[in-house]
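Every chain is named by a letter (A, B, C, D and E) in the order it is written, and numbering of its residues begins at 1.
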Amino acid sequence: MAQRIDTKDLNIYYSSFLAVEAVNMTIEPKSVTALIGPSGCGKSTFLRTLNRMHEVIPGARVEGHVEMDGVDLYGPNVDPVAVRKNVGMVFQRPNPFPTMSIRDNVLAGVKLNNKRISKSDADDLVESSLHGANLWNEVKDRLDRPGSGLSGGQQQRLCIARAIAIKPQVLLMDEPCSALDPISTIAIEDLIGELKNDYTIVIVTHNMQQAARVSDRTGFFNIAGTGKPGKLIEMDDTATIFSSPAEKATEDYVSGRFG
Amino acid sequence: MAQRIDTKDLNIYYSSFLAVEAVNMTIEPKSVTALIGPSGCGKSTFLRTLNRMHEVIPGARVEGHVEMDGVDLYGPNVDPVAVRKNVGMVFQRPNPFPTMSIRDNVLAGVKLNNKRISKSDADDLVESSLHGANLWNEVKDRLDRPGSGLSGGQQQRLCIARAIAIKPQVLLMDEPCSALDPISTIAIEDLIGELKNDYTIVIVTHNMQQAARVSDRTGFFNIAGTGKPGKLIEMDDTATIFSSPAEKATEDYVSGRFG
Amino acid sequence: SDPEPADATGDETTEASESGDDMEGGLSGTLSGGGASSQEAAMNAWRAGFQQANPEATVNYDPVGSGGGRTGFGDGSYAFAGSDAALDDEELAAAEAQCGEGGVIEFPGYVSPVAVAFNLEGVDSLNMSPETIANVFLGEITTWDDEAIAADNPDADLPSTAITVVHRSDESGTTENFEDYLYSAAGDVWTTEPSGVWPVDGQESAQGTSGVVGAAQAGEGTITYADASQIADLGTVAVGVGGDFVEYSAEAAAEVVAQSPRTEGTSEYVYTIELERDIEGTYPIVLVSYSLACTTYADENTAELVKGFLGYLASEEGQQAAADAAGSAPLSDTIRQAVLPGIESISVG
Amino acid sequence: MSTTISRPPARGSRRRRSSTTDRGFNRVFRWIAVGAGATILAVLAAVALFLISEAWPAIMASPEELASGVPRYPEDTSLLGYLGPLVYGTILAAVLALVIAVPVSMGIALFISHYAPRRLSQLLGALVDLLAAIPSVIYGLWGFFTLAPVLTPFWLWLNDNLGWFPFWGGQASPTGRSMATVGIVLAIMILPIITAVSREVFLQTPRLHEEAALALGATRWEVVRTAVLPFGRSGVISASMLGLGRALGETMAVLMILSPGFTYSLDILAAGQHQTIAAYIAADFPESTGLGVNTLIAAGLALFVITLAVNMAARWVVARRKDFSGAN
Amino acid sequence: MSVATESSSPGGSPDTARLLATVDPARRRTDRTMQVLIYIAFALAMIPLIWLIWTVVAQGADRISIDFLTQSMRNIFGGDPRGGIYHAIAGTVIITLLATVISVPIGILTAIYLVEYGKGWLARSVTFFVDVMTGIPSIVAGLFAFSLFALIFGPSVRIGIMGAVALSVLMIPVVVRSCEEMLKLVPNELREASYALGVPKWLTIVKVVLRTSVAGLTTGVLLAVARVVGETAPLLVTVGVTDSINFNPFEGRMMTLPVFAYRQYSQGNAPCPGGDSATCVADIASQNAWGAALVLIAMVLALNLIGRLITRWFAPKLG
């Protein structure tokens, strides 16, 4: 069921600013792909092209192709809404809906789409999603409290629960753990390990160890300087990237004190 | 010049909810103190009591004492504004002023005190602060562009530049690097190393390695369960905490897979 | 006869009249007219009287102003109208296009004295000659103890308070009639042609009759002109006419209309008058507001309603009702006799 | 995992039509929204057309025709010369109202959003909103019967003692029904509009930004100055434009209170000096016919143009600093 | 561990004490001054509010009775103290409701268009013309609506819906401008969160953007309603006046409270030959005017209250 994604000569623009240049990448199905690189190199930008979230920014556009199982996501008969339903996303900053309770936040994907769901199904979905995000125990007594009352880490886990509740084919995560404590991070990493049995996962992270721990393949982005476009320097099996990368830049980066 | 901070039996409340209980802690001058612990245990909450930022939340209050060089920060003759001027803060989420240019963001705090700063002094200050935050090279050509146009990591570094521009006695940092790439993180850590020569620094972090690398002393907070108050479990030299902590809970936490 | 308020649930077309009125209450439907706001109070009385006699009928009157009334009458949107000025040639032509050649009915259905009223501590009444009035309103006489005023009021104890003239700020029939009075009675002093607009700049003014009265009451030493029924507790001027001073009254106002000649050369039912401002024993400052209708209407029901309503309006009973409600001067028999045949002849055409 | 909702997105049997990214009801909704915008354009076009076509005879008429056809019209004056004092009066009234109302409104909005006790602030906000709920006829009645008499002694005092000041010269009105009083009433009328919008905008200032300022050692006022006011800037300008629109177009209150005149005088305490376009139209419309009505509508057209110019200026001010808007 | 004696002096280090106690006195003063000014600003706004409401209540309260609220003025004239404003209440409610029904969807949809879709010339011109619309004097809106309907139904038409259209011309720009500001305040993060869940844009707008800003939108709509509910001049030329009850906005004249109040005020005193009596009260018209004003204020007040409840009910929950 899981999908494989190929990008072909992907150039990503903010209006006339070329943020990411000529990315050719293959993301294997049922695997975890990690994207690493210094800040501002365009990891988030690239990630957002994979579920067509990039284009919601005014003036933002792409050139080239992103293919899912050979179908171009930017093809003429592809509905971006359908793309996003199948390619879920967790953002860098937690963004629960402030008007919704914790429960409704988890069910947002269902409820916002006007889908009918029985109370018991909903309860099950809420519980399983929150369990999956390792948040259930902390919030099970206050499901009807607003989601914005949680701490940062709790909010981020709520957003993960919300993303997995719609059972996407592919899950994009933009530094999902940067606001999480180690225990929650372990839970999320475990979750990623579980999810990859069925789904394709792409994760942006600054944490080299995390990349090493959770991913099967790693892509390294770099940027030559401010105003220059970010580029995919190298992509390979995670073990290779962290042990014997082909490029000097990659080696420098991963062997930093954080290696 | 640097100040020493003691907290005595500090209880921190959100209205009637006791978030952090009975903290007795000494923060040495000219040193880096790291606060670690799982999400929701009250690290941020505690940190915010050190510059009286806690009380700006409606209903929030403290019991007990926070003393700086023996002067109770919550004493009757103390002005919270003066406290905050002397105890700078960097937040978990980058929060540059969207209505100001990069330059004005750096100068925001300075201009409050010294409205008539000369242009050249201001220029010097902007440059030195941005250098200190390792952002100068990326933004030197666009100091008059809005600060909100930067990437997350760049924004956070801008906030650090803004905080150090007012040359506080104490600098509080709430996960300042959680949105930064390794290269920027190194720069910030180096900066912390430099700043501690003159200033007292308290940093909240989830990154055990970071705590180990930058701090002289480490405090471990924990929480017994949701709804329970967070507590300071143990505080000691960083080396001790990471090698032979007194408490079992501390050992479990720091020796997690992240150790 | 007692007015009869509608109750909350009563729909105007189904409400039944219990009052044993002597008029036959056969008419039904809705009739709409509009025009001069000066007639509003009187119109309320006429509509109520007519509706009580004809409980199935409703008459509406939009107080949009004389201009709106004449325009609306000319383009057929009002079946009848009220206007503070007679139709001019152009308007008459438009009206005849609606009503047919010679089919316009026009008569002074509402005549009301315009009082010259003032607010001066301790003074209730003053005598003034037309020239004095003109000079006061021109701003030539600036204090109350001016010789010209003192000369006509030997007994009055006049303070040296400054005179503040308050005029109508809106274009108005009252203004036009008052100017017309000053122009014809004190032509040497008051030289501007009458129009609905006050010609002197820089004075106090206010909107509507209630506005000028309110403003006059608010300031000490103020003087204004307003429909006499509205002046409340303001002092009034007895106006010099033919060597005598006449206080305003409905009767004296009716006299001036009755004694002034009818405009010549008009069609049969257009009864407009050329006011004479110096007939002894009459009160010369009057607002003459005309009622307008057609002798033929396209719609039978409308014709019946207009005929009934105008018949009531012009009747002695109707005129008395207006006099009670609005302090107006009843129509003279001469004029009534001249226009009643026109009203009687209203029909479908 | 569940396979029930797993349809490869690209397999959708959607029509291949246009390259726009909108599909299905998205497209419908978009067109509904566009339609609403277009409706406004259509209405405005119709109003403009109405104004121009009705004003046309007056615009085309010679001064002589106008002088004979329009009761108030002076001899030998062009239409622009005639409308000039009205335009001046309208702007004077609106500026007076704005000068009084904007600072006070921002004070009130800040009071409610950042100074008043939280529990109270909602109630206080509702109280100020009540001012907006009061119809202009009532403002007219109140201004005429209650306020003007109370202000009169004060105006007379200003006139006697500070008459050298340009605005307070001339012969002060003994009934207080002058532009100064009108300015105050208009200010009260637009106060709640400006306050309500500003308040909502100030309340939306992100806590993050306020805390950033606080942490830099800002006093409460400095927080307001560094974080709240800049963030709310465009909102406050929009709010002021709403208020200005009402002040420019307000009819009843001005009509009932002001003792009008047609001059370029600065003496806001004197009677019979100024008139606003809206009040002028309402005052003279009832008795007007023919060319008179056309002239009134031409005045309406002039008001239209004023509003247009003022709003363009405001938009320009906001757009100039678009990159720095708080929404980023 | 640290040496405890350092902090043993009761006041602590005097240097530090000074550092923490002093903030530039000029800044303190500015802060205090601004605080006082801001409090004064609020107090200033309360003066006219209380004064106005007190005036209206003092003048109008005596006139309020069950009869006044449940009867029309049909067949009441002169100094007759009977009759009431039921017809005007009904007219105000119906016409304002209609105007709201016309303007709010158009206004909010336009605001949505401007904030969520607006690009290019159409958005620019809509923005531009909405601005221009705010300056249309109410009487011009009335004349416009009149000439529009007169084109279709002839010049004699006077119906409630015409007034509603005239009021809509005045209302729409207020709705658009205030709602536009409110929608702009919804953080982009929330829209993105919704898109990322595969929610189509229109549902995101309806269920996230509108939902989050509903409190602000309510305020905007209430402002717009308040803006028009007191209009007089445009209703006089479009709806006309009547003394009788008419519930049908598509046929016949209607009365509204502000028009009623204004007309009664304009009528001034009634002549009561024998002085005031049970059947003739000289200043009944002005009493009616104030009574109607009081009822009008009370109605808008109630509306505001409802709006406030809505606001509270839907407000984003922040903690």
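In this text, a contact is a pair of C-beta atoms (placed from the backbone, for glycine too) under 8 Å apart; a residue touches a chain by one contact, two chains touch by 3 or more.
Only a predicted model underlies this, so the values are computations on that prediction, with no experimental measurement involved.
The minimal number of chain-to-chain contact steps leading from chain B to chain E is 1.
Here C-E and B-D are compared, and the pair linked by more C-beta contacts is C-E.
Rounded to whole angstrom units, the spacing between the C-alpha centres of chain D and chain E is 14.
Between the CA-based centres of chain B and chain C the separation comes to 83 Å, rounded to the whole angstrom.
Taking the mean of the C-alpha atoms as each chain's centre, chain A and chain D sit 47 Å apart.
For chain D, residues that reach two or more other chains under the stated contact definition are 24, 26, 145, 217, 219, 222, 285, 327. The multi-chain contact residues of chain E, meaning those touching 2 or more other chains, are 23, 27-28, 200-201, 265.
For chain B, the set of residues that touch two or more other chains comprises 81-82, 85-86, 93, 112-113.
Within the complex, the chain E residues that touch chain B are 1-2, 6-9, 11-13, 15-17, 19-24, 27-28. Chain D contributes residues 71-72, 144-145, 148-149, 173-177, 255-256, 258-263, 270-273, 283-290, 292-293 to its touches with chain C in the complex. Contact residues of chain A toward chain E in the complex are 51, 53, 56, 58, 81-86, 88-89, 91, 93, 95-99, 101, 108-109, 111-114, 145-146, 148-149, 159, 162-163, 166, 168. By the touch criterion stated above, chain D contacts chain B in their complex at residues 118, 206, 208-219, 222, 226-227, 230-231, 233, 321, 323-328. On the side of chain C, the complex with chain E involves touching residues 3-8, 10-12, 15, 30, 32, 34, 37, 40-41, 44-45, 47-48, 51-52, 58, 60-64, 68, 72, 75-78, 208-210, 213, 227, 229-230, 232, 324-327.
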